[in-house]
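The block underneath contains the structure these notes are about, expressed in structure tokens.
Chain IDs A, B and C follow the sequence of writing; residue 1 opens each chain.
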């Protein structure tokens, strides 16, 4: 219950696992690797953060969206594993930021997701990462994040 | 020959494996994981589905493109493995949809690919997935899909 | 020292490993797989190649950028492994090309990265690949490349 305790300390409340909004499953395991579907900033089946970063949406708005993606990711992993203490390492994030042409701080948006994972998981939360812009995301959400986690063997 | 039988039932005819149009190989294996190069809706060396979804191309057009990507993916895996019955699980798809700004149904486009894989592989075809928009794809194709499959050990 | 010898022959000088410009780590290992963070064409902490391919930047410019991404990738792997001869196989590249709408030769840009890896690693450098366009990359760099390598067991 180390990770649950940490979530409490940080005031992070995981939402109930959202059923996928389309024809896929949230998590697939191959060996010790968990492949986690692209997470979007939804709550209760509705997109909470939409629009493009630049003039329409601020970096701070997009960072809030990124943190919700991480919370949804952890809810999916908890649902799959039963216990977040079974996470051995966070391996990789791929962060897509819905961007206006001219906005080039996708890495700063992605930092909010990475920081939250470090805060929760400490050293095992340190991960490789790719952050890119995109001209459109599903339901016009502001951020989408997929991940690979390692589980204890 | 279970999967071949299923393809027959569904009327899916796999094309001959297309040689890559550039400097890469279609499939790379690492342990039991097959990493499959981004598949585009080509036939006989020519892009069959081009243009952006939105006003220029419809969702249905893009879904047809997504299904051709899956057929080319399975052709590549069959060429690599010799027999599609050696597929243990379909792990993950990443779907890029060539999108006009304002089109935000990338997940609906991606569903066509996911549905076809479920129809062919049943439960082992259930996968994690990320669907995003992009402002341009190679040769202006409408959809590009990369995948990770697990093979029997 | 086979790979170092090859780098010498080709006149490729790896830069010192660049510390990540944000909250992530350059390389994460899971089993025999190395997941390498998205590499951008930076040197000495500054982006060397910026802008979009199309009318603003040429294919050749973007290919030069792609080669710098590969050099930074190898610098990161060398720093992690200590010795590039421990690379067993290059498994996959994902190449994002900062593109104007209308530019659709992302695969030709990506070829420069793939060719350099083949030149250095010969057959074990042959990899699966996905190349896509994007409307924006961090710091407006022209190309970003992430990779999966296999290390000797």
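Just so it is clear, contacts are C-beta pairs under 8 Å (C-beta built on N, C-alpha and C of every residue); 3 or more make two chains touch, one makes a residue touch a chain.
Remember, it's a predicted structure, so these values are computed and weren't measured experimentally.
Where subunit A touches subunit C, under half of the residue numbers in use are shared by the two copies, so each contributes mostly different positions. Copies subunit A and subunit B of the same sequence differ in orientation by 120 degrees, per CA superposition (steps of 5).
The distance from the centre of subunit A to the centre of subunit C, each centre being the mean of the chain's C-alpha atoms, comes to 25 Å.
Under the contact definition stated at the top, the residues of subunit B that touch 2 or more other chains are 31, 33, 94, 134-135. Per the touch definition, subunit C reaches subunit B in the complex via residues 31-33, 89, 91-94, 97, 99-108, 110-111, 114-115, 118, 126-135, 148, 150.
In the complex of the two chains, the subunit A residues touching subunit B come out as 21-28, 30-31, 33, 35-38, 94, 96, 134-140, 144, 146.
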